[in-house]
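Next up is a structure, given as structure tokens.
Chain nomenclature is as follows: A, B, C and D, assigned in order of appearance, with residue numbering initiated at 1 for each chain independently.
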């Protein structure tokens, strides 16, 4: 019997977009606000990439999930609601795109809450969260529960969804991500802040991701793809993404929003469950004073 | 109705060369002036690459645009006029190839003006500008207007040309560039100053750029390619560039100088217009004191 | 006459897995113990990668060698014995995965011994060793002898096994490794700690390693492959590894555990022998005070 | 009329090996002398790579040039003469493999002379020079003349050989190198000292170099390839190099030693001549005080 979140398919795909826009750069250093080229490089995401990708999603007929920092939603007030109106999910991606591992717990709490307020003020209902830079701490998962969300999509402990339990509170669904299913490592490049190394051809990326689809169909995995509109919204990359989704559909994959997959994960008792305390490896037996 | 700058074609190509020669390295550190290998590596561009690329352009029968630092034109006094005599455009690429983001406004102004003086003294008329390192500031666009030029080619806010307006002054045409349409990220390598990571095969680069042409024909974009004669002037890369242009011509692309495309952009009221104040994202809602 | 360690085959393969789990990251900085994403990224290795790879090994019907830090065996008490029960070899990979070149001799000794104690307490017999990061010092080989092991697999002096002799003590078998036969350089990526540059497609890796098998069949070499379960345990990479082993079997390669190959190497007097003192190049003729 | 150095062929190839062994690492830091893995990684070059490559050269029937630091020749006293006895050229590659740009003129002179003494003491006649790291200064070319050599192979000012003239002294032949014709950027990898980024497949390298041969046959260039025995001596890379040379021979290329090509270059008045003072670009018009 296949897992509920697989539907009747051999694998499920969630196509996700991190709509970071300028925040991904401003989180490095506010000085970049005056660098016209870098700001235009990032603005391409919401201004050109998102409209093109929405058209691509229409062409292949699937729903996707757009993780958006609250700041991006605030400075472009119609962006989130337009995406929802086109039939897709908008989800929480911090307010400022600062990494949780760089913030105090209080600062992380304030940042998390501020994004919730932006989405609430725009009438956009939020069901899940992805940490900026994927760099969740153990506090992050507590915030996901505190603010009433049902899933997180920042961890890498499996290639199937799992549940994160904790004492006396409800479990969360975890829809795991991975570096190899992220367009950033394939396409991103900036000299300053130093981002990326090689700009790969969409031909290589398409081949690599098709191979992962093939293997995930064998193993019954979640193909949880992370794309960035300022990267994958460029012409040949948008075409490659369209080809990839068409390929998955031809192979019989199911594509769904993260929200829908998370609901299935929480309703299926067969899904693997990990206690939140086990997310952080105890270092009690690890040498505390390295012998150097 | 297609945009005027597309002609009757599905996409337009502008083949551009940044003839930086030694300036790209001297801007890092003047000590490299004594490193014979590095200087010869850069001199290859104007001495060997430019003549070969001019021949390639003759073979495919198109006109291109050569962005040149004023210093390069000055130390090689016949370089710019030879390029013009062969039927191509020479354009402004700063005097020293120092990044505008590293200069005070006064220093940027002096550098900009000095290049204009060199070209004027050589009888080479200039119509457009590309910032060194593409690192334009908001002042850069003011300089483009002040010195009477009609277009800039340093920003990345779209894959179609756009107009940059400002209050009480004439608009500029912007012919946007992108890291993925630059031979630097594919071919450049030096240990010191540290430049590049991997040296890619022209086969990969040709495949990647053909895919972008294919997609730009679908979306009606500007294929604005940036090459460097010290890189793309090498034998197999020059052959790959020739193949690429031949491929574009076979697909029905129009190739033109930046000057000609910019004139069409300024004459076509349908082109997207962006106000200059919007090039710099306001950071009023961005956390001014990151909570770290 | 072919060497004993080749069997009657043209080349021998040893498929090895370094089951580093979280230790590879904690050795950088203990702060990462609180980074939930990074810890989950590493836990994927023993939790998901090892079970999948054990299945893959069953499918192709070969025995492999799993190098494991003692700390990993201690915090996951059934991991090593499960691997042994499935028919494979578990071998010594330090206790903490700290590099020997960063440790004093005393600290390296204590680390080495602590791992031996863990494996002894779990009833797992150990025959060989691989240095953390492959960064063996001359003391490392003395430890391998002192603790009664028969082989090391950390050096790169050949692509065939060799023997390391020393005065008045028994020789060791060396099963050499190499960067080009390691999945780390092809697949690993983390922003912090900074790991990796490009994430390659399994298609590229499979092609590259098949070419090495082809050439090693010509030269009579040891195809000693190093994989990491958190990397090569991912779906399409596990499939590529399965294809690689199937390819080797089709070409007539022998696959064996490191323990078995080492036994043949020690029993065959025709194998090349290197005295331990020659592993470290004398620098007596090298300029002691570089003239800078 | 084709140039004398081309013979009657459309292009000439010089296959060269930089036999750096441990010196390439010791020049970074003498501490690496105690790192057994790194030393074995480098020793593979002369111990395993050179014998295999000599066999490969026999198979394809061409003569090659081996650039060797004097220190390498000294600590392996039969290495240089064995290479000469097999029909190839041994040439000067500094004594210590320290970069000339890091040395005072006096230190560079002493280093240069010391290598000459080693080769003289071994009865190995030297005709040409390649700077360590290719990092020649203007003093380097004076040393080449002072010690009676006829050619240098460190600069990158062309893809055909050229002559370097100077007032009142004899000209030198320059056989230019390039980063794209070097196996280092394709294959080298070490974490510490940090070397390399991606380990490429020999399939990619072979394709890239075949494309350069194809183009050089069109343009009449010198295919001056730099390989390192510790890199290109590995099984699949040695096979790829053999395939490359076979390909060049099939296309009608001539392969010769650097010494023979240099002799033709010096005897042919049609060859491009550059005055040594022009190797270093004057910076008189370059901003001496960058305006930052």
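One rule holds in what follows: contacts are C-beta pairs under 8 Å (C-beta built on N, C-alpha and C of every residue); 3 or more make two chains touch, one makes a residue touch a chain.
Going by UniProt, the chains are A, B, C, D = Peptidoglycan/xylan/chitin deacetylase (PgdA/CDA1 family).
All of these numbers come straight from a predicted model, not from anything done at the bench.
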- Message: Considering only chains that satisfy the touch condition with subunit A, which of them also satisfy it with subunit D?
- Response: B, C
- Which chain's C-alpha centroid is most distant from that of subunit A? D
- Could you say what rotation angle superposes subunit A on its sequence twin subunit C, using C-alpha positions and rounding to the nearest 5°? 90
- Since subunit C and subunit D are copies that touch, is their contact same (over half of the numbers shared) or different (under half)? different
- Please work out the Cα centroid separation of subunit A and subunit B, and write it as a whole number of Å. 34
- Rounded Å distance between subunit B and subunit C, as computed from the means of their C-alpha atoms: 48
- Message: Give me the residue numbers in subunit D that touch at least two other chains, ranges are fine.
- Response: 197-198, 200, 204
- Item | subunit C - residues contacting subunit A, complex | 22-23, 26-27, 30, 33-37, 39-44, 47-48, 52, 71, 74-75, 95-96, 98, 102-104, 106-108, 110-111, 187, 189-191, 197-204, 234-236, 238-240
- Task: Spell out the residues on subunit B that touch subunit A in their complex, using ranges where they run on.
- Result: 101, 131, 133-138, 140-141, 154-159, 176, 178-180, 185-186, 197-198, 200, 204, 207-208, 211-212, 214-216, 218-219, 221, 279-283, 285-288, 290-292
